[in-house]
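The two complexes that follow have chain A in common; it is paired with chain B in the first and with chain C in the second.
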Partner chain A sequence: MTAPHTTSGIAPDLLPGFEHDAFQSNAVFRTVLDAMSRPGNIYNLPISIAAPDGLNETATAFALAMIDMDTPVWLSPACISGAAITHLKFHCGCPIVDDAAKADFAFARLDDDLSFLSRLAVGNAEYPDQSATVVFMVDAISDHPDMILTGPGIKETHMLSVAGLPAAFHTWRRENTTLFPCGVDVIFASPHQIAALPRTTRIEVK
Partner chain B sequence: MTAQTAPQSATGQSQHGQNQNAKNQTEPEIDAATAARKYWMSILARTDCNTLATHWQGNYADVAWQTLRAPQIGMVMVRGRAGGAGQRFNLGEMTVTRCSVTLADGTIGHAYVKGRDRTQAEYAALFDAVMLRDGAAQSFIDDLAQKQAVVKRDHARKIAATKVDFFTLVRGEDE
Partner chain C sequence: MENTQTSQNTETGAAYNFAYLDEQTKRMIRRALLKAVAIPGYQVPFAGREMPMPYGWGTGGVQVTAAVIGPDDTLKVIDQGADDTTNAVSIRQFFAKTAGVATTEKTAEASIIQTRHRIPEKPLRDDQILVYQVPIPEPLRFLEPRETETRKMHALEEYGLMHVKLYEDISRHGHIATTYAYPVMVDGRYVMDPSPTPKFDNPKMNMMPALQLFGAGREKRIYALPPFTRVESLDFEDHPFSVQSWDDECGMCSATDSYLDEVILDDKGNRMFVCSDTDYCTERQDAGHRGPQHHDQPLGGKAAE
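Moving on to the complex of A and B:
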């Protein structure tokens, strides 16, 4: 029996997720894996997906690929919205928490109050993997030499520039680097690009 | 995909609280609208794909809709009660396919059907959405319900004919 014929071009309250669940979540996962393995390298989002209010396309794709019912999510005041909560609950089935300390994944924008960063879980010596990952939705990422990165996954140095990165971020990041093997990993998600700063990457600000 | 706790049961438990654990043994109370939806969703889930497809193509072929969650195949734990009314126990896992669709006006239809038929899940979700929107498929659902009831009764009658009653005339320990 043939499948029913679908009609595109309508905008419902609840947006669709991946069109091909297995292939698209796989492609996004691979991109995130590459980005984490090669800190500061910029990768294009391999798919296109509908994003709810409060989240951008890359952050939405990341969420759908990485988050499930076992990973509590915290949304910053700048990106929390009814649509975003509904979208994540429906497609990921994840709990949304009020306290950043309880989250495995945190979504924020750079104009948020960044004090939540120091409340995020950093893991412990036995289980450093129990740390949180923070996804910053940004306007643009480039390889302009604003930050010079060194560390595992980088042969010599690597350049990265993130539009609107405040000094408070670097202050927090310097503390975060001293916690190894614990610490929080950072993902920068512009609307169509992704770059990562794992906890091991050292940043020299120009 | 792994089995997820249904949202209804989760909220049901938080509402009842821990001081009413006995209450959790009974089914959660539902309102009339939910009961009606539960009824047609269960009828649709038991209807084979060809029947659903034929009726859809014949009556609703021009309805605009979009997939919200493409059909996914997964497992759910089926629970039973000892003797039909006793303690709950996990009977075993079964394969289910779920699907969610949305109509042009934003009505969202869901379906969970047993087995691995993605197309059946899609049609069942579509009929759920149409029923939510304006109840247009009510007579179709009633027809299906009637047919399913007949099949169930015939089956029960066949089984009943083979029933054996055991009884004991004399037990050894009475001597």
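Moving on to the complex of A and C:
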């Protein structure tokens, strides 16, 4: 019998993916589902995973749990790297696209040129679900009252603060809110925490 | 070569992936669920799979549960409020077998509750998920059979037809005669079918702390209500929405605040009412509550007049 394939036999630099596909992808999905259902609530990444250059642990775990050959991915200039592309292509089998408008999932950092946001798919009036999700890798998320959130999933109000969130983001996000039911959903991924801003959430910036 | 999936099946001792569905299918359903949560009340199309049970038996709810459930979850399944009916028992056994998860009949102990046509009487918590089995997800379907048209109606918020239907009820019966699958408005935007739950349950959906997920297997649609979302039953100012009420109490536990099923006892017109939520009724009986037809009562339970 031939020895089982190891990832090192295919590409020596390739990092491992989920140790336990079914359980770990479920744990990550449940965290994302909680985050999306309760906008602004901060959840800890329930697993640990190796992240390639350009991505952080939370973004990598999100990608492995949610992305596959059916979902084109766009990587911003600040997070695109040979290692990230190899990692996503091997573990997710997803197409990597150059045009943000063609992506179901976009990965970026806050110091990127945020003009790509307005190119992302927002769906259409009949199929608003055919819209992109953008994952922002950030340094830190906290419940400091920089943003006061209201909307579905929030009982009264909720506080959220994201380190280094530029004014350009808020400008884009205000436009995004007016598109409802179309729009882009946002996920903030710090190295070990996650919080989400679905399109329904209204933000008051302090 | 060793199948990498094998190790995660040893716990369930079966030739299935965890929770029956393959990982790619689960990812597809999970992506649909996230979009459904982001657009409350909007029906997301998904690539529904054939399940090892017939359409109408909860194939949509089962696929949603399979995509959501993890090894640490505790599952409760109810059919018309009851834990002990065929549909509920078989779905509970399905997940006990394919996912090896703990199951329960107690509402308070469950982390995921899959339901056919009822919301438990006990208020749900924010750490619980309610999964509805939905036969026909489109609230406008009986008014407009074409999917292309109902899509447009939702896109344009053109819900006048639904109000006409409710108005016709009033002109014919003097009141809104719709008693189940009573249409609701979600967060002021989408009209949604709450699945064939009695309208008695509609107020529970409003601002519920638990996440509510809806799966329609034959129609291949998923929709959702995030926690704390406004859900209003459609009505008119002069004909406000109201829920059913009963003159009787539950024959077993004497509850007057729960949804009661009528049980015909004989061909002489004798009948009794009993809670449709079996766990709620059992808990009340365990706490010492007794209705007139309970077997502890004098005469071993007399028939109601």
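For the reader, a short list of remarks on this structure follows.
One rule holds in what follows: the second predicted complex is superposed on the first by the 194 of 206 C-alpha atoms of A that agree within 3 Å, B and C clash if a C-alpha of one lies under 4 Å from a C-alpha of the other, contacts with A are read in each partner's own complex, and residues count from 1 in each chain.
Here is the rule we go by: contacts are C-beta pairs under 8 Å (C-beta built on N, C-alpha and C of every residue); 3 or more make two chains touch, one makes a residue touch a chain.
These figures come from a predicted structure and were not determined experimentally.
Contact with chain C, but none with chain B, is seen for A:T200 once the two complexes are overlaid on the shared chain.
Once the two complexes are overlaid on the shared chain, A:F90 sits against chain B while remaining clear of chain C. Look at A:P181: by the touch rule set out above, it reaches chain C but stays clear of chain B. Once the two complexes are laid over each other on the shared chain, residue contacts for A:A108 go to neither chain B nor chain C. Touch criterion not met for A:A189: it reaches neither chain B nor chain C. Annotation for chain A, partner touching more residues between chain B and chain C: C. In the superposition on chain A, no contact is made by A:L149 with either chain B or chain C.
When both complexes are overlaid on chain A, the residue A:M66 reaches chain C alone and has no touch with chain B. Residue contacts after overlaying the shared chain place A:A51 against neither chain B nor chain C.
When the two complexes are overlaid on their common chain A, residue A:D21 makes contact with chain B and with chain C alike. Taken together, the two structures place residues 1-2, 4-5, 20-21 of chain A in contact with chain B in one case and with chain C in the other. Residues 1-8, 10, 12-21, 69, 90-91, 93 of chain A are the ones touching chain B in the complex. On the side of chain C, the complex with chain A involves touching residues 1-2, 4-5, 7-8, 17-19, 23-24, 26-28, 30-40, 42, 44-45, 67-71, 126, 151-152, 154-156, 187, 189-190, 207, 209, 211, 225-230. Taken in their complex, chain B has these residues touching chain A: 4, 49-50, 53, 56, 61, 64-70, 72, 100, 102-104, 106, 108, 118-119, 122-123, 126.
Chain contact summary for the complex, chain A toward chain C: residues 1-2, 4-5, 20-23, 25-27, 29-30, 32-33, 36-38, 65-68, 70-71, 104, 124-129, 131, 133, 151-155, 180-181, 183, 185, 198-200.
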